[in-house]
Each structure stands twice: as C-alpha cells, then as structure tokens.
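Labels A, B, C and D are assigned to the chains in the order they are written; within every chain, residues are numbered from 1.
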C-alpha cells in the first residue's frame, strides 16, 4: 500500500486536523464525536444542511462546508457511514432555529444512522427533514433491494440546496427542492483501478491490466460488470447512454454535466471525456448549460470517473450560480 | 496503460476541445498552433502574462488562464515544451499594448523555445520580458549545469503576478515582482508511483511496492534518490527541511504553504501532510499565513506530492487574495 | 443451570476476541461483495466495548447489554453499527434488570434482537444478511429447548444452525446491503455480516456450555 | 564526387525512417534519465518533415535544409526541437543556394550546425548531450579529409566516431538537459540525444557512400 499516511487508524483524525489548520476562515472542527461546521454556525434563521458519510470521498463532504453549501459534515471512518452521535451533535451545533435538513446518500448504513440521529434530534426539539440521494443508474431500482446508491448527484444537491437555504427558503422548500434535484439527476461510474482502504492495506478488488469495472459506486465496491478496456469515447458512451435513457433526458432539455474523477484520474482525461459527452448530448439535442469537471466525489486514489446529468431550469441555474465559499467549491465570493 | 484516452497522439487536441467546450466564458482555444487565451483578450493597457509547457500538468497552465491570472497558455505535447510558433501567436493574441511577460519554467527546452519566441515577438514590435522559475531545491544550483527546475512555485507566481497585472502594474514592475517571487519561493517533491506518458504506454520509471522517489520533478523523471517508504510525517519532514534550509526561511517569517498533489494522491492525504508541515513550521516560528492544497501542478496520474514555501509580505498577501477567475483557481469573483 | 452476569461478560469478551482474530477474514469477505470494512468496523466497536465494560460490569445483565449496544452505535457506523447495536439493546431490554438468566431468557433476548434487526434493516430471509444466520440459530434453539436439550446442547445446536445459515448465504444473490449493488455477481460469496453473527452465537455456545 | 539535392533528400528520408524504427529505443533511453519523450518528439518532427518535403524538393539544398529546420522548430518542442532545428537551419545557411555539394561543404555545414547547437544549448563537451556525438564526428571527418579519404570512407569514419562518442556518454554524469537533474544517477545511461545524432551521421554515411 503506497499512501501518504501514518498509522492507518489515524487517517481521519489527522485529515481533520489538517482541515482545521488549513481553513479556520471557513470551518470549525470538532472531535469525539467528529464533525465539521461552518465557521459562523449556527446561522440564525437559516435552514441548516447536514450531510456526512464515510471518509475517502474528499472533498465531499467536509470540503463542502461553508457559506452557500453545507452547514455541517460528519466524517465516518474510511468508507464507513458515520454514527448517530456525530450527526446529532452536528445537527445541534448548526440549528439556527429554522430546522435542519439531512442529506443522506442511499446506503443502508448511512440511512439507518441518519434516521436514528434525526429521531434523537427531534426528541431534543429540533425540526429535522431527511432527503435521500439515489442517482446511480448502475443499480436496479426496486423496493425489494437496498435500491440505488447516492453518488455524484450528492455534490450538486448540496450546492443547489445550500444556495436555497442561504437565500432564506424554508425547511420544507429546501427538502422539496432536494427531492426535485434527486428526481432530475442521474449518474453512472466506472473504474480503471481499484483503491486501497488504509486499514485494509490491499486493493478492494483486483483488476487485470486490460480490464475495467463498469457501474461502480464510490466505496471501492466492484461494479456491475467487468469488461475489457475501451477507448475513452466508447466508455463515455457506455456511461452516458444509460444515464440519458433512465430519466429519460430528452431533446430540448437543459442539463448540468458533471464529469467527476474517482481520485486517481487526472484532469487531462476528464476533459477528453467531457468533450465526448457534450458531443453525444449535442447529437440528442440535449443542451449542456452548466458543468462541473474535477475530483469532487472520490474513492480514495481510484482511477476512473463518473458522469452525472441534472436537468436544469431557471431556478436551478440561479441557485447553481449563487456564490459559494467552501474549500472544495468556490465562486462568486 | 490504463487511461481514459483515445488515440495517444490525440490526447492534447482532445483535451483542448474539452476545455473549449467547458469554459467558453473563461477562454478561447486556438489550434495549429495550439494555445489558450482568456475570453476577453487582448485586454487593452494591461500587461499580458503568457506561460506554457508540456501538457500533463493540468490544471497548469490552461486552467490558469482567465481574469487575475494568465492571459495565455501554450500546451506542448505531454511533458514536452511547446514550440516558438505557439508562443509567438499567443503573445500576439494577448498583447494589449502594455507588453507581455513570459513565465518560463527552467527546463532547457522551455527556455530555448521561449527565448526564440520572445525574439520573434520583439521583432514584430511587441515588448516582451521573460522570467525564469527555478524553485526546486532537489536539484543543485550551479552555473555549470541546467540548474534548478521550475515546479510548484510557478502556480503561485502566475497567481500573484496575474493580480499585479490586473491591478495595472507595468511590465517592468510585473517582471520584478515575478523575480521577487522566484527569489522567495522554494519547492521539493516526491513520488510514490511513476506515471505513464500516453504515447509511451509504459511507466516512466519502475518503482517497487516498498520504495519511493525523493526529489522528483514534474515530468515523470526519476528523483535524486530512491528510498524505502516512510510514514507521511517523515516524508513531510524530508521535503520540508531542505526547502526551509535553502532560502533559508527564518523564525518570524510569514509564508504561503502549498501542498500539491502530483495527480494520483487524493486530498485526504494532502491534508495529513499539510497538518505535519504546519506543525514543523510552527516549531520553527515560521507562520503560515496563506495556503493552497490540491492538485495544481501535476504529473499525469503520478501518486506523490510536492511542498512549496513562499515568503510573504503585505503586497504578496494582497495580490494572493485578489480576485481570480480561472477553471483551476477561483475566488473573489 | 443459570447464565450469570459474569458468564455474559465472558461471552462479550470472548466475542471481542473472536472479532480480533477474524478481523481480516471478515474484511476480506466484505472486500469481495462490499467495501472491505466489516472486520475493521466490528473491531473498532468491540475494542470500545472492552474499554466500556469495566464501568458497567457491576450492573445487571440488561444494563450491560444495553451499554454494549450504545457503544456499538457510536463507534461502528456503517450498516453493522445500528444493526448490532439494536441486537444488543433489544436483548438487554428483554432481559431487563436480572443478575442471571436461563435459556428461555436468552432465547427471548435473541428473538427480540433478531426482530429488531429485521425491522431496522427491512431485510427478509434469504436477502443475504446477518438474518440468514440469526433465524436458523433462533429456530434451532427453540427446537432444542422443546426437545428438552441441556443448555450446552441447545446452544451448540443453535451455533451449528447459525453456521449452516452462514454457509447458505454463499449461493444467494444479495437483495439488501451493499452486496445488492453487485446483482448476480454477489452470488458465490459468503455474507460478512452473517459470518460475524455466526461468531456471536458460537462464542455464546462455547462460553456457556457448562451453565 | 558530388552530393546532389536528391542525395540530400534521400538522407533526410532515410533519417526519418531511422527515427521511426528507433523511436521506442530513443524514448526508452529518455525514460531512464529524462522524461520518456525523445523518440516521440523526433518522430513527430520528422513525420512533419516528410509531409513538408514535397513542397520544397525542387528547391536548392540550403532551402531544403532550412525548411527542415523550420518544420522541426514548430513540431518538436522540448530541448531537441530548437537544437535540431538549429542544426538544420545553420547547415542550410552555410550550404546556401546550391544544387549539389562536396564533402567540404558538408563538413562546414556540420560544423556550423554543431556550433549553433553549442551556442544555443550552452553545453560543453562531456556534458552528456548530442554534442558528444557531434564533435567526434566533425573531428573524424576533417581528419579523414586531411588524409585524402574517399567521400564514403570519410563519412564512415565520421559515423564511427559519432558512434563512439555516443557510447562514451554512458559513464558521464549529465550537466545539461533534463538528465542533469538526476545528478550521479545519470551515469551508466546512454544519452538519447547523442543517440539520435549518431543516427543522423550514420544515415548520411550510408546514403552518400557512393557519392
């Protein structure tokens, strides 16, 4: 295992310390239980957004705490959902009297832990709403299974709903908006290499030099199927087509196109993919009106990428463009 | 070779196409010769900044074109200096009558090609000044050799001098400022893995599972020496100490601390390194007043990182904080 | 014929040790069809439990088990955290303020824990989860008790059934938890949670064999 | 006894082919002590030269060589681009508007090219660069000419000397170019630029052997 770490058990604590030292203007970091809140929390009268999940997806979620995005993030161990006590304390720390929205990626662990935390917070008199993100079209959607994973769309939801909260929208409006975003967004991902969870010390899966995984999540899980390597254009097609067909996105639609690195794939490759994705969408009459390109929701050092589409309208465009000031995403301020 | 590319020969062209499609609000892209200029170029009366170098270091330099930073970037083939005709055309395209500053990393190829371009541009009546960046303390500084490489400091110089140009400083002032930045900045890097140049198809060097390279550049060159893996804290010390000693940075100094990913090292690890670097500097009485953490000057997908220190003063702090709007670095607008 | 508080404490400690010993194996199973953390999650949780125990070991069985549950809840995370937490909490609530329990108490506790897990996780039998070890263990336990088996025998039957249930997860296609994302590819792999649950039943049988 | 324009064109084409054939080898040498692009750089340059040639092949030797130089300048990049560009441009300027040249012209052209490279790159002998193949080639050429050798013989001596010079770069510690960053670690590896330069001299000798 080749990593810039010390003791694998200390990875998350040391990362948090780094974040605390690096961004005192943006965030405050708490330990035991671990959580990160924006520097000026609680913001009175504003709906507060809390998210969280396993570590290893940086900059998500800690890097998205700040004005215009999240009020708090709860980091779990690497690839492990955080615990209800973290979420409860974070919720209490950011509640500004207008209620708290939990943004939860649809994983069994995340959902159960956040549910418990919401119950506990409500028990303490805080108004809490929860929204589940489940945008991964690689997984079949069914009431008999755990359902679809929450992946790339999470980043877009946090930005957009963060802007809405900043604008003063109510808890219900924020939750409805988040559900609308979830309804209009779809993603799919692929891996060229596996990643290595620090305390495991070996790759989560073994992938021969000439093969790739299609339909992966963000936790180093193997994907839906394994196939021979293909050129970037073909891979882009293989991810984008199921995404487009799922909603479906249609001629005339305006979309945000998000090409995300799983961590180890450099920007130069993302632009090659982005180029092809726009070409494909163009041919379908789907118009890319906003974009995001880079490593925003990662799986440690995994090489690979995901593509997310979000159908846009005037409100979503305005909220997307609104100022945001976090370590991981910043514009307008 | 596992990469999201098509034909290795087309990597740079397809990347440029992606950048063109993604950022029409920020840049215009020209082909044959290839260069990128800011969307509103030439800016009349403003000193224009032109840089360039081999591709494979993204977001540098193309991602740094825009308001408050570069006016143009010339991308060469992967890890290969661009050619004088690119630089000449870029220089002509951005000259706003106040002269053009070439920011050149100290590599034989870059220096020679930029020198030729500067000569040709002067011949066409454009005022050109060149500044060489050579901040890499891993290489011995000597008039008998090619001298030190230009690495991480390039990013900081482009930001700071870009702000000065935006502010209306003259060509001479910008060039002097750039030389001052070069005088006050030092870097050193290391690699956990090699990278693979697309048209080569195999790693630039072979590195056993338990070894790392110390003192690498940004072109997949092997470093000054190869040693056994160490914990992140120890590696941070091994890079930071020679950097501090070289200038030297002294008690009471204020610095910008830049922890850079070589591409494949994820953010979670950079924060662990950042934390230790601050600890070391703290112990020496050197105060970190600004920072930059992330993949800004990369070597394709190489895992590894570099540390750059820049001694700050009020002017540099103000210029660093000034608004910048590029694909790779953005704040204040 | 009674399982004392000390027996319960010994069981928890011996399970904690089984987790230490099988940590890598559990993580490896989770590597195959999950995210390679089940062993590490359980170990983190039970290390914390061992640290917690001294402060509650003079309490009744119910209190001890509920404290184990609370500790797991705040230390494990993931799916296993709330699920195992529920198991211990519900079991503790069922047993209540007793200083010793009989096999019947244990059977009721186990049933309450299992039902708690099923409710929280919304999983059915054959979804390839820890329930696939728990249900058989429960059934075997009550069958053995009906047949008048000794405590040791009944617990052994229950452990054997958990073992079979664990192995029976191998061919299943997962419908719950992270393994469900793999679809058909999840078949052919043993469920990590069912494996850690088997260890739980097995250590109980081993620790209490002479009660 | 003359090297005609067609001979010069054939030399350029045969060098372009040598680059194609040795591209991987040159890149591999550059992998060891540089950035793994020398073969690719030279190939990109000489592919462009081959595309350019038809438009200038009815011109004089000087014009042809200068066009090669200009093409390399805008296609190669890196250190090799300006250096090889200078070599061809200076050689072309030295030979001038001739339709054929003799060995003396060639020797002067090669000297001008070499001097141009030395000036631009500021390298000295034994810095482990292409100069370490060029200087020996030049010296051997003029020595052979002084001894009254035939064109073929003189060119062969020059190629042999370039070959020796190339091999002699192996033990050197680089002081110029990218290999210099390696310090002592650069010793033990053959310089890629000296290798491509040897091929240049060698293809001249082979192509012009009967001139």
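By our rule, a contact is a pair of C-beta atoms (placed from the backbone, for glycine too) under 8 Å apart; a residue touches a chain by one contact, two chains touch by 3 or more.
No experiment lies behind these values; they were computed from the predicted model shown.
Touching chain C and chain D together: no chain. Between chain B and chain C, the least number of touching-chain steps is 2.
Put simply, the chain farthest from chain A by mean CA position is D. We define each chain's centre as the mean of its Cα atoms; on that basis chain A and chain D are separated by 55 Å. The mean-CA centres of chain A and chain B are about 29 angstrom from one another, to the nearest whole unit. Here the spacing of chain B and chain D, counted between their Cα centres, is 32 Å.
Viewed as a contact network, the protein chains form an open path, each link joining two chains that touch.
Remark: the chains found to touch one another pair up as A-B, A-C, B-D. Of all the residues in chain A, the ones that touch chain B in their complex are 2-7, 11, 14-19, 21-22, 55-56, 58-59, 63, 192-193, 209, 212, 229, 231-233, 235, 263-275, 278, 288, 291, 293, 295, 298, 300-301, 303, 305, 325, 327, 330-333. Taken in their complex, chain B has these residues touching chain D: 33, 54, 76-85, 107-109, 112-113, 116, 138-140, 144-146, 149, 197, 199-200, 202, 204-205, 217, 219-222, 224-225.
The touching residues of chain D, counted against chain B in their complex, run 27, 31, 33-37, 40-41, 44, 73-83, 120-121, 175-178, 180-183, 185.
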